[in-house]
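I've put the structures underneath this note.
Note that subunit A is present in both complexes that follow, paired respectively with subunit B and with subunit C.
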Partner chain A sequence: MDILLALLSINLRTALAMRAAFLLRLAFTVFNHGFILLIWLFLFRAVPVVYGWTVWHLLMTYGLAWFAWGFVSYFAYGFKMLPRIIENGELDHFLLQPRPLLMMIAAASGEVAGIPDMMLALPVIVTAAVKIHAAWYLVLFALICATATFTAFSLAIGSLAFWVNDMQDWLLDMQYNLYIFATRPASAFGGWIKMLMFTLLPMGFISYLPVEIMRLRDPWLALEEGAGTVVIAALALIIFRRGLRHYESGNRFGVRV
Partner chain B sequence: MPPTLSVQNLSKSFKIRKPAAGLRDLWHRLWKPEYRTVDAVRDISFDLHAGERVAFIGPNGAGKSTTIKMAAGILYPSAGRVSVLGLDPQTQRRQVTRALGAVFGQRSQLWYHLPAGDSFDLLAKIYDMPDALYRTRRDYLAQSFELGDILSRPVRQLSLGQRMRCEIVASLLHKPQVLFLDEPTIGLDVDAKAKIRDLVRRTADEDGTTVLLTSHDTGDIEQVCDRVIVIDNGQIILDESIGGLRQRYIKTKRVTVHTTDAPPELGLPGVAWLEQSPHRLVAEIDTSITPAGTAVAALLQRVSCTDVSVEDPPMDDIVRRIYAERRA
Partner chain C sequence: MGATLRLYAALAGFSFRNHLGSWRYIMSRLGAYIFFTIIIGEFWRAIIAQGTRHFPFGIDDIIWYCGVGQLIVFASPRIFMRIEDDVLSGNIAYHLTRPVDYLELRLAEGVGGLAANLLLFMPLGFALCYFYTGAMPRGSIGYTALFIIFASLLHMMFQILAGFSGVWIHEVQMPYRIYQKFMLMLGGLEVPVSVYPAVMQYLAWATPLGLLLMLPCTAIFTPDTGQQAREAILMFGWVGVIFALMLMLYGRVRKYISLNGG
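Our next item is the complex of A and B:
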């Protein structure tokens, strides 16, 4: 814990060393999300219910995905950047340190924009929870599962770089796609898209199921959500551990930022 | 006494995709890729005992870094085994790395935008060093390596030599039993190289550290190490003392003179021109026939120069001589 706090503090100081960039990012985060939320509010004025979901259900899913994205950006940025770390042979540093490897990778660097993301997502979640009369323990459960699923997906997708080279941008896009899909009204999807939601792009565990648990208060759905999160986390760990055996290091010149 | 580092029948192969020859082949290879296996390290064995300082040398692509990375637990061997202090670096990584220090010359373990001192603070936490012990050790190393105010300057503002001194201090902070130095003087000037060699040797002596050093610079090898292992094409071709290597294979020196004069007749036994460019002359001196000092003095009398440097022969030449002797 001590080392985790030290790493997070060093990340914060690194980011604040570039003050102008930090402030600009903060301003654009507020503007960007505020604009998107306004668009959703206007759209739902025209169509108040989409397959059983109101605008507040959508804002709940938006808030959960936004918080999860912010969490990964600040607390597990190393997972997000794993393809670059692997391809540039930067994993060497972490492998040489006597600490849990995944913790060191996750917290090795952090995107400070993740902090405002988390801070701004929370009021959206709380407001939506009040409007849809969600039980608080379910909101907390959904928040933990959604965040854990997103973090595990980030690790799993990043670990593919152990096998495929030169895919940094695509693998990063995949994480962004999951985030974008997770902020859409998932109740509208069916058929093969729904299958995709619980397999390759597991946004079902980030947006759809959490909101359905709060809406229907079905314990089986909660069990499904919990089990799904554990399975995705286990798969991510297996992919990473297997991939580590394929790590080829490298001798590219590099610095630690 | 069991060895500190033991490498037994170690091999490492990489699978590399064959490039396509032409457009049609590119399409074909897209669906049916073909691979070739590159054996970076082939069945090598050696032991290092406590306090030994060993140079692990060879030409580019010989397998030096790959071997060190397997010994440090970074790469998984394809075959064979490594043990560090009796532990397996791959399965007991956390215990092994507590006893390891490593510097990879082309990589930095310091945070680029932060002062080196902050990186040291974090490393002390990573290695669970008690605060008082850390401060004493840091101050001692900072004094030895003459870091002074360098510690409070962001790493991005340091010169390569200053940064490298900080890198070595970072790797020595937790007093490792084994130190891997992979090209620690790469890109440094003569003064910085000399300073780093002296400091590494002195600190390793004081701490009883086992050192495995790779370098292309024969100066690093001679001034830091007592033993040398030469690797080429993934195989060990020589394992002997530095004295033995010097006596048998480093019998020459190279003198480079920057001048606009025409190359004069040397007339010295054991001295011959290797290169005669318009602004640069390179002579090779067989020091077993003519001492380097005599040859350089004679040379400087015959040409007016803007700069002169005396170096050991490059590693490739030494490896060629080892092969030549083996064939003879």
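Our next item is the complex of A and C:
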């Protein structure tokens, strides 16, 4: 835990050392996410209710996915970069350390943009929660499950690089696609898309089910959400461990400071 | 002149073959294109089936609309990343001293990559929309294809402008993302501009950022070819304006690098 805190503190100090860049990034993050959100606000202005969801439910999905995205960018950036780490043989450095491997990979570096993402997602979540009268413990539960699912998904697809080369760009695309998918008004989806939401692209556990739990206050849905998150996390760990057995060191020489 | 053209044609040809050879990249982009076209199509199918509001388009129209919009976004080569590498590493200074003009080099590469992508994405995109809806579009496919080419060229030039801005602000991703968000919002990628408030519709018409996506997308269900011809002229005019702007900025980039280095 001490090591994890030290790593995160170093990443944070690095980010805050460039204050102007950090503030610029903050402004850009507001713009980047706010602008796309406008599109959906226009739609909900024309169609106020989409299969039981109002604009506040959409804001909640947006906030949850946005927070999860920021969390992975800052606290688990190593998972985002896993294919590059594997392909360059940089995993050797982590394997030689007597610390929990996944923790070291995850927190080895962080993307500055993750902090403003999380900072700005929280007020969106709180505002939406107040408007839809969501219980706070459910909001917290949803936030944990959404973040855990997104992190696990990043680890799972990043681990595919143990078997397939040249996966970095594909991983970033997949992650972005999941994020985009998770910020759409999911109440309108049915059939095979719903199936996809709970399997290959598990946005169902990131944004759809959490909002449905708050809307319908159904304990069974909460149970499904919790169980789904645990299963996805377990699957990600299994894929990573299997891949690790497959790992052959890279042929690059280098020093990691 | 002939030799110069042959050189750029060779560069474009190389980029064309290189793009077609990157099958994993192409498959990933094609997969994402098909996925998002269907996702947004299904979303609109549900919204229209809900019947709470009448829209000036039907379900087939909106599926063709999404197919065209996503096509422009996914078929475009990410040329700004190439320029970002050159600008942020300072390598652009070395390129400027070479006999091959830097802007023309990147443009030739971009055009080659774009041609390869469009050659794959356009027929596949139209086939996807046809099989998905089971109907031909109400508008002209020929005009839509022309609009897609204009829009892709405009998109490429905006990418180059974003790339060059890195010379002054040492950041390319940010201006590019800002441009991209304006383009997606004003162009109505997922929600047609006709659903927007009046002031936003006006803004979409008044800027090339809005026209870039809006015109090709709406052309696919607009049967009035006279209107399409007028819109094609408008778009061509914007291609000229942005091209001139790009040349002007490139001149400034050259001057800045000559004085300050890369």
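Following the convention adopted for this analysis, the second predicted complex is superposed on the first by the 240 of 257 C-alpha atoms of A that agree within 3 Å, B and C clash if a C-alpha of one lies under 4 Å from a C-alpha of the other, contacts with A are read in each partner's own complex, and residues count from 1 in each chain.
The working rule: a residue touches a chain if its C-beta (ideal position, glycine included) is under 8 Å from a C-beta of that chain, and two chains touch if they have at least 3 such contacts.
In this text, all values refer to a predicted model and were calculated from it rather than measured experimentally.
Visitor: Touch test for A:97: subunit B only (first), subunit C only (second), both, or neither?
Guide: A:97 sits against subunit B, while subunit C stays out of touch.
Visitor: Under the stated touch criterion, which partner chain does A:39 make contact with: subunit B (first), subunit C (second), both, or neither?
Guide: second
Visitor: One more residue to check, A:20. First (subunit B), second (subunit C), both or neither?
Guide: Neither partner.
Visitor: What is the contact status of A:247 with respect to subunit B (first) and subunit C (second): first, second, both, or neither?
Guide: A:247 sits against subunit B, while subunit C stays out of touch.
Visitor: Kindly classify A:10 by the partners it touches after superposition: subunit B alone (first), subunit C alone (second), both, or neither?
Guide: Touch partner of A:10: subunit B, not subunit C.
Visitor: Looking at A:1 after the superposition, I want to know if it touches subunit B, subunit C, both of them or none. Which is it: first, second, both, neither?
Guide: A:1 contacts neither subunit B nor subunit C.
Visitor: Classify the contacts of A:189 with the two partner chains as first (subunit B alone), second (subunit C alone), both, or neither.
Guide: second
Visitor: So which positions on subunit A get touched by both subunit B and subunit C?
Guide: Shared contact residues on subunit A: none.
Visitor: Could you list, by residue number, the parts of subunit A that touch subunit C in their complex?
Guide: Within the complex, subunit A touches subunit C at residues 24, 28, 31-32, 35-36, 38-40, 42-43, 45-51, 166, 169-170, 173, 177, 180-181, 184-185, 188-191, 193.
Visitor: Under the stated contact criterion, what part of subunit B meets subunit A in this complex?
Guide: Touch residues, subunit B against subunit A: 14, 65, 69, 72-76, 93-95, 97-98, 100, 102, 104, 106-114, 118, 121-122, 125-128, 154-156.
Visitor: Contact residues on subunit A for subunit B in the complex?
Guide: Listed in rising order, the residues are 2-3, 6-7, 10, 13-14, 17-18, 89-93, 95-101, 244-245, 247-249, 251-257.
Visitor: Touching residues of subunit C toward subunit A in the complex: what are they?
Guide: 24-25, 28-29, 32, 35-36, 38-39, 42-43, 46-47, 50, 52-53, 174, 177-178, 181-182, 184-185, 188-191, 195-197, 200
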